[in-house]
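Chain nomenclature is as follows: A, B, C and D, assigned in order of appearance, with residue numbering initiated at 1 for each chain independently.
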Amino acid sequence: MMLRAKNIWVVGGDPRQAALAALLADDGHSVHTYALERGEGTRCEPSLAGADRADCVVLPLPAAGAEGRLNAPLSAREHRLAQVLDALRPGQLVCAGMAGAELERMAAERELLLRDYFAREELAVLNAIPTAEGAIQIAMEELPITLHDARALVIGFGRLGRALAPRLRALGARVWVSARRYEQRAAAEGMGLGSEGPDRLADWLCSYDLVFNTVPAPVLGVEELAALKEGALVIDLASRPGGVNLEAAAALGVRVIWALSLPGKVAPVTSGRYIKDTVYHIMEELDL
Amino acid sequence: MMLRAKNIWVVGGDPRQAALAALLADDGHSVHTYALERGEGTRCEPSLAGADRADCVVLPLPAAGAEGRLNAPLSAREHRLAQVLDALRPGQLVCAGMAGAELERMAAERELLLRDYFAREELAVLNAIPTAEGAIQIAMEELPITLHDARALVIGFGRLGRALAPRLRALGARVWVSARRYEQRAAAEGMGLGSEGPDRLADWLCSYDLVFNTVPAPVLGVEELAALKEGALVIDLASRPGGVNLEAAAALGVRVIWALSLPGKVAPVTSGRYIKDTVYHIMEELDL
Amino acid sequence: MMLRAKNIWVVGGDPRQAALAALLADDGHSVHTYALERGEGTRCEPSLAGADRADCVVLPLPAAGAEGRLNAPLSAREHRLAQVLDALRPGQLVCAGMAGAELERMAAERELLLRDYFAREELAVLNAIPTAEGAIQIAMEELPITLHDARALVIGFGRLGRALAPRLRALGARVWVSARRYEQRAAAEGMGLGSEGPDRLADWLCSYDLVFNTVPAPVLGVEELAALKEGALVIDLASRPGGVNLEAAAALGVRVIWALSLPGKVAPVTSGRYIKDTVYHIMEELDL
Amino acid sequence: MMLRAKNIWVVGGDPRQAALAALLADDGHSVHTYALERGEGTRCEPSLAGADRADCVVLPLPAAGAEGRLNAPLSAREHRLAQVLDALRPGQLVCAGMAGAELERMAAERELLLRDYFAREELAVLNAIPTAEGAIQIAMEELPITLHDARALVIGFGRLGRALAPRLRALGARVWVSARRYEQRAAAEGMGLGSEGPDRLADWLCSYDLVFNTVPAPVLGVEELAALKEGALVIDLASRPGGVNLEAAAALGVRVIWALSLPGKVAPVTSGRYIKDTVYHIMEELDL
């Protein structure tokens, strides 16, 4: 990193933000934290005094908690998001994850330069790595067979499917990809994976020990769930509303694990590093 | 493939089209060839009589040769493209590779349903596979060291870079990727590859034994070529105008191989299969 | 498998033996179980009557429990190993895991044809697969970083090291191997892994996030443990006496997980399949 | 490398020895060459005067040419092996490749400390890497299909099979291993490769596009060759007498390439580095 040392405030958040603060300090920046009292290795400021002199203020992912509060699960007390923003000066850079319309409005009112790091493509690509590892960990924990030689289906071949499927294969699983678009199936074939269109999914679901869904659309309904092999495990990695009919699964006795927000759960320190890299990119693009 | 048996004419082309015709016949279609007399295993029709009854007529890649002729290097004689099209009926499906404006105009005049298979994303993705293999073959042939433990740089991380870099790494090379966009570098990192932005390329070129360029823009100029390690090999895979200043390379004594159109050269049968799959997709989308 | 259908008794054991019995039945053999009442999907015989007509009797891994008992954790009651053997006929094939001197003596007295499947090289090679997966699962569970981009050391490059190190690398870890013999280091290099001799291990231990030991000898003593990076995780996969000085680790605050017998714990069904394959090999070699 | 700077003579040989000399000089040793006049970058001594002061004299691989001569294809003239040895002093270390009984006798007469580097296991393991790459290069050059998606059989799963099969698979080939011993098949399975015993090889040979033999025994006779698919390519990597009945292959029209001594041919510089590492090991073990 070629950045000059900066003054950076990390305000609120979970272990990812605590890790972010530590990594920024390791890079030589002057780092202040607030509302992170219970984070590992952080010494928090008693107030936001001085935060208006920061080159960059980093808010958590997501930035907002319930009812206008800052998302600050590691803080000893509650903080209003509006109060945090009031402590800043017009024109100041604020990086937030999943900013949302309300935060955007509040930032605009105060003429803050708000950037959403979670909306950036590079973070989405990087987050697929811990998500894939978390999915593999769950499969290892839940199955009485090895991933080696297991038959696995990955539904969807976007960023997450492309991170997950080759890792499963590298561990010895026999991996197929179900994807709608021809070029996605071509990409899967290029990685040495089998592929199929989603049209007759129910016809060939019976051969899998393990099914990962990455598509946030109703792909595994009654018909598909009923077609699964006995003892098969379904891991749904799709964000809300998910891709599995959970009621049908319960009725049919199909084991489904809906795993959300894996990066922060399985690898908070790595997730903090990805946020750091992304914040750097934002500052570089602003010539900060 | 769920397609019903079709009547398909394969007209003109190189060993890829000869392979295509054989593979279509293997799939149970009624296949006729024309202007492919010297192709392996093909028995050509003496004329285009009956071609107007075909469900699909496949022209080569590229479809046109010089001066309005059909591209037909395996034919015993020359054929005018216009004459080929005159033998067809209005509304008939014609699949051609790199059709070009002139062929499009001629097809429109005759009310033919022209589709360019080379313009389809899935063929571009698949063609990256033989291109990557061909690039690896050239590197193996030219270098007095193994790819194992060689230091290799891949410039660009589009379809070809994503096919090539993991293959090099799987063979034991130490691979870095140079890419402009952050998300491309994130994708490279996710595959376990090192990555860098292209800004100070000349500063770190000295450490590579092998440089592959995939970007059709002037990326390796005098400064970059002068920075290369002695004995380093440059393989330019970019389509015209290429990415290497060949005059500068010659003056500096840098070994550069500009490798174009590898799929048809290194793997004509596989390339024919990819064309077949893509033609099937076109027919499926037209409900043929 | 070309074996004719056999009469096989599976006597005692844990979920691996229950899986073994089910898999043998799937292959078309006539299977009887005993002392496996709580095993999933097994219907046990009330006594060993008829066991003397079996082509093969399979005892668990290990075969013996405490004080002369059969190892039968899934049985409703206790069984004496001697009584089990008394139910068999001279010359009958008995396959047992980790038979041990006492069982060998008892089998010899009864003129049974005892074979130790756990002593066979192919089972040891196969068992390295679930052991490696289990080790990866533990690392994923324990570390706040991804294995991707983590720096990992694998001490020893025998069967287990050769299963574990490439898997770690395939997941994106930066993997080094420490091995004494030059040819082991050459084998590691051939797989694209870094390698070092064990001589100055303490000098370079500081760079690892994760250390796996596979050598059943004291390799990580006070000096080495003190050299580890703060927060590093040590996973000891070596059978007794292990390779880590646990007292020193506790005193130094180094986190060590001593993971024994992973195959049966993380993948009992796969382990049962491996035992099945190995028992088949024994029968093949005896022309049964 | 912790070795102190040495005085090393490299005498005779092919481009591997020329590379060896250059690499030794790069490591800071005082290097003299003789009988390598046409080697790239070598300035040869006019005579062997002073060679008796060397810490180590390295002879080529193989050391002996025809009729008692030094193997020196890059020399301007011929040299008798006996004369070379006469220039050395009793007790001096001489490292030679494939020394052979005659050289051993001559060295013993002169009380030289002869070590055969080619007999060392680590060099054999390392040489499997360029052999595997060379085999892949040949397959790429000869086949009209990509290795990606090709069906490949590797006969034998020793050092070479273990280097070759995973590389083929990493390139996307569908790879099976034929090996006699159960533990070799278990090792293949552990790497995610299919495996079979060699018993009914002829029954399933028909499905392969590509067959690599690594076993120096008659494995591909008339029956097996006749079973091959039309157009299949056989690459025999076994040292003399090879594993393919070449007369039968010619009669049957099966294409066979018998590829010997690939490391020196496809990667002389890498081969020179492997010899260097092995010579270092010999010196280390002698505490030189």
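Convention: a contact is a pair of C-beta atoms (placed from the backbone, for glycine too) under 8 Å apart; a residue touches a chain by one contact, two chains touch by 3 or more.
Keep in mind the model is a prediction, meaning the values are calculated, not measured.
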Worksheet entry | Comparison of B-C and C-D (more C-beta pairs in contact) | C-D
Response to the item:
Between chain C and chain D, the Cα-mean centres are separated in Å by 36
Worksheet, complete the sentence: Whole-Å distance, C-alpha centre of chain B to that of chain C, is 49
Response to the item:
Multi-partner residues in chain A (2 or more other chains touched) are 129, 148-149, 172, 189-191
Worksheet item: For the protein chains shown, what form does their contact graph take: line, ring, star, complete or other?
Response: complete
Fill in: Residue numbers on chain D that touch chain B, as the complex places them
15, 19, 129-130, 133-134, 136-137, 140-141, 143-149, 167, 170-172, 266-270
Fill in: Touch list for chain D against partner chain A, complex
148-149, 169, 172, 189-192
Item to complete: Give every residue of chain B touching chain A within the complex, in rising order.
Response: 120-126, 128-129, 163, 166, 182-183, 185-187, 189-191, 281
